[in-house]
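A, B, C and D label the chains in the order they appear, each numbered from 1.
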Amino acid sequence: MIHVTVWNEFLHEKDERIKRVYPDGIHGAIAQMLGRYEEFSIRTATLEMEEHGLTQEVLDWTDVLIWWGHVAHARVSDEVTDRVVARVLDGMGLIVLHSGHLSKPFVKLMGTVCRSKWRENDEKERIWVIEPGHPIAANLPEYIELPMEETYGERFEVPAPDELVFISWFSGGEVFRSGCCYRRGLGKVFYFRPGHEEYPTFYREDITQVLKNAVEWAKPSHGPKPTLGFCEAIEKVEDKFAGMDDALKKHEYITEAYQCGSSGQQ
Amino acid sequence: MIHVTVWNEFLHEKDERIKRVYPDGIHGAIAQMLGRYEEFSIRTATLEMEEHGLTQEVLDWTDVLIWWGHVAHARVSDEVTDRVVARVLDGMGLIVLHSGHLSKPFVKLMGTVCRSKWRENDEKERIWVIEPGHPIAANLPEYIELPMEETYGERFEVPAPDELVFISWFSGGEVFRSGCCYRRGLGKVFYFRPGHEEYPTFYREDITQVLKNAVEWAKPSHGPKPTLGFCEAIEKVEDKFAGMDDALKKHEYITEAYQCGSSGQQ
Amino acid sequence: MIHVTVWNEFLHEKDERIKRVYPDGIHGAIAQMLGRYEEFSIRTATLEMEEHGLTQEVLDWTDVLIWWGHVAHARVSDEVTDRVVARVLDGMGLIVLHSGHLSKPFVKLMGTVCRSKWRENDEKERIWVIEPGHPIAANLPEYIELPMEETYGERFEVPAPDELVFISWFSGGEVFRSGCCYRRGLGKVFYFRPGHEEYPTFYREDITQVLKNAVEWAKPSHGPKPTLGFCEAIEKVEDKFAGMDDALKKHEYITEAYQCGSSGQQ
Amino acid sequence: MIHVTVWNEFLHEKDERIKRVYPDGIHGAIAQMLGRYEEFSIRTATLEMEEHGLTQEVLDWTDVLIWWGHVAHARVSDEVTDRVVARVLDGMGLIVLHSGHLSKPFVKLMGTVCRSKWRENDEKERIWVIEPGHPIAANLPEYIELPMEETYGERFEVPAPDELVFISWFSGGEVFRSGCCYRRGLGKVFYFRPGHEEYPTFYREDITQVLKNAVEWAKPSHGPKPTLGFCEAIEKVEDKFAGMDDALKKHEYITEAYQCGSSGQQ
């Protein structure tokens, strides 16, 4: 059983026009679609809940967090941001959707600005699978065609992904690295491009298949938690300064060992 | 001509014992050693200078910034940290030495915690070249042997490097990824492990060769500055909603185009 | 159920000294240890069987092939080699053990020579987990210590692995990238360093855990089989040469479109 | 001074239609365009020359080899193929153009089949720079637009590139990883997609800038040539079997050290 929390800003859906597309919110649609898989236990959380619905308890329960945000990135508190980042570094999977590329947790984990070109122009997006042997490509066709989507274009200001699974073609002339895998700390991060609020993208079977694959890829793998900071030597190491209690002697020994002095001659 | 700024915390060297090793500071030693190459123009900066010696003007001048810090990471201001990070994303090279792995600019650029195992135990370090075809390995022997160094051990909590050039062996039983290349934004980042303040590491010819190679690798390469944010389509895109001014009609069109309704049936 | 075929050269075990370590062959030991997992269906194959035991039928059955070879790489036929390589590119996982780094299928898939330093010196090997969030590190300790093993040392002449999971420390002074993941075609390849025939390495629980993890990581993920070769355009493309049946006119059109002539002026 | 050899199959240019585009052959065009840079010393070689013009002497002279081939890959001898591959592993740079993705040296170095989708349809190709900080992107615009080119489409059956610099957009609906960097042995390999013989692509300034950048990136960097095969221990290693001349005793010692017997109990 994989514990999935679907987080959504849930503000666009107050607009009637968007509510018609996502009557239960984007999080509701994703939860409904992924909920058909018995191996997932799913909960949702939204911005305007207490602590954005992401208390320590919720995050500790969560194996994989799915994140959709757009207009209110700045309203996500630093405290919750740090909590999410810490959980990722501790092993929780994170799936960042669409405009979530500018969310605080993603930007912080990437260390870069994460901007891109964009326009809302009802263009066709064709998401090509370029790494068909990757688990996130399981049971997909060669490409997914979205009749209309918001356009994002390169340059996408992120670190080169550890694994690049999808590249999008847009009818307006752009390309985009639209399926990007990262390992950060003990956690796995997957960025997936589509999902503008005006289109029912998250009700699609093919998009749901991507999310299902990504959840399975991103789930914690329970490797060793490394001990960090000061640690004793494992092997016995010769004490080179035995009986050498004078700091100057030690200094001479070192410079001799290095075969160089502070003059830079070696 | 490559403009190099060598930044050093310059606090350990107030201690007589360390001053004996680095009478002109670690920055002074590095500047002296690299200064022998005519293609480099070198300046230095330290923590206790105004703005830590890293004004916007200095950073704008700088092609490659070398960073040594240890006990006073927290004293580096957020303002200067952000300025350094912004310059890296804008193309400046950054070479982070030894305990600089926990410096604010490096941690921010990595997006991870960057800790490791460590101990001060006068152990032997053997730095193996594992990617001998990499420019940073130019004119090096198969390995560099440091008779004594501080020990760092894996797990090193960083993103997997884009290119891994060196791996260190320590007599106490640890290994360490000691030469790590990253691309972040338009800039290049190189982490190089050795350089504890008690040893004259930076006066060595082989270590200097690494730094020289790294400066040349990390220098800006003057690619295109991408235009980001909203952008017009390059290709002419069919207006699918021509003459369709009713939002409901548009919604119907979209759900039909998607071959699915908000019920999730496709 | 994952179908695993364990392939072993099975020549060293004719020697009494080695037979004492592996009475049922190295393949027998691995099959016994992995056989305890209900999710694996296991068969074995060896060099001196008909077609080395790797008929098309066996390979078609196989999800993951484990390979141990050493003194008789040259005796593996080109036909079987090509068959194995083709199956990997078609999605079969391949786990290459120890001296299998010089086997024909691995060398062919890497495109490099794959040599390394080596000696038989009964040295201690400590295999450090450097990517504890990787599925192959699941349920492992921070490091695996092998009291005696054959030593391999860098430079290991392979392409930089797509994911580097383990680095080995040897008491003789070397390091080695000892857990290397590659994606090739639709298949996944994992190289794992230990397993010299003189030591009962493959009877260890920790080594078995690595192999179990690797089998699960390497199993086919059933992504799309790409259609390759000639393909029709998906989008309607303007015919720029409509009604232009004269080759010379077409040439003029092209050079004009390119804004350059064969003189190189643009 | 970088020594560049431009190799071309030079068969298409026997056709009048193609000869009009490349009167001096594709190799002649590339040599002419790159020849304007004083830092390059350039020679050319073609298929029908003795040893395809690639004698050991020529390859030893060559720092970077540029390769264009299409209809006669099979006519390149295995001997010359192996010679080229060996020189790459020894440090020579290799730049593979367009249909050279199916040439023997490239396929051998990749270890995969290297096919793709394709069609000749006079489509527009827009080559996006996705890694603007990479040296191969130096002095380029955000994208290069080719008014007509042969179309290649993903899936491109290659190992994930170590660095991905360009992605192409085609008007027919495909995308392609069109600038792929690989490190193989001591050498660097760059694959660059465009250059169909019917279009004067290699007379363009922007394409020439890419080739110039690639030559500089791919040139040998003169790192250490690793010693491989048997090597003595660097560190003194305890002889665990001192005075233990009986093989059985040694076996007992090993199994005890491993805390497991051949029964698999640990």
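In this section, a contact is a pair of C-beta atoms (placed from the backbone, for glycine too) under 8 Å apart; a residue touches a chain by one contact, two chains touch by 3 or more.
Keep in mind it's a predicted model, so treat the numbers as computed, not measured.
*Asks:* Counting C-beta pairs in contact, does C-D beat B-C or the other way around?
*Replies:* Taking the two pairs in turn, the one with more contacts turns out to be C-D.
*Asks:* Which chain's centre, taken as the mean of its Cα atoms, is farthest from the centre of subunit A?
*Replies:* Farthest chain from subunit A, going by C-alpha centroids: D.
*Asks:* Subunit B to subunit D: how many Å between their CA centres?
*Replies:* Measuring from centre to centre gives 28 Å for this pair.
*Asks:* Rounded to a whole Å, what is the gap between the Cα centroids of subunit C and subunit D?
*Replies:* A distance of 21 Å separates the two centres.
*Asks:* Between subunit B and subunit C, tell me the centre distance in angstrom, where each centre is the average of that chain's C-alpha atoms.
*Replies:* Their C-alpha centroids are separated by 32 Å.
*Asks:* At least two other chains touched by the same residue of subunit C: list those residues.
*Replies:* Only 126, 129, 131-132, 142, 153-155, 160, 162-163, 171, 173-174, 183, 185, 226-227, 234-235 qualify.
*Asks:* Subunit B touches which residues of subunit D in the complex?
*Replies:* Touching subunit B from subunit D are residues 91, 126, 129, 131-135, 137-142, 162-163, 171, 183, 185-188, 220-227, 234-235.
*Asks:* Going by the contact rule set out above, which residues of subunit D touch subunit A in the complex?
*Replies:* Going through subunit D, the ones touching subunit A are 126, 128-132, 142, 153-156, 160, 163-164, 167-170, 173-175, 177.
*Asks:* Please output the residues of subunit D touching subunit C within their complex, sorted ascending.
*Replies:* So the residues of subunit D touching subunit C come out as 17, 20-23, 29, 32-33, 89, 108-113, 115-119, 121-123, 146-148, 151, 153-155, 157, 159-160, 162, 171-174, 182-185, 198-201, 203-205, 226-235, 237-241, 247-248, 251, 254-255, 257-258, 260-264, 266.
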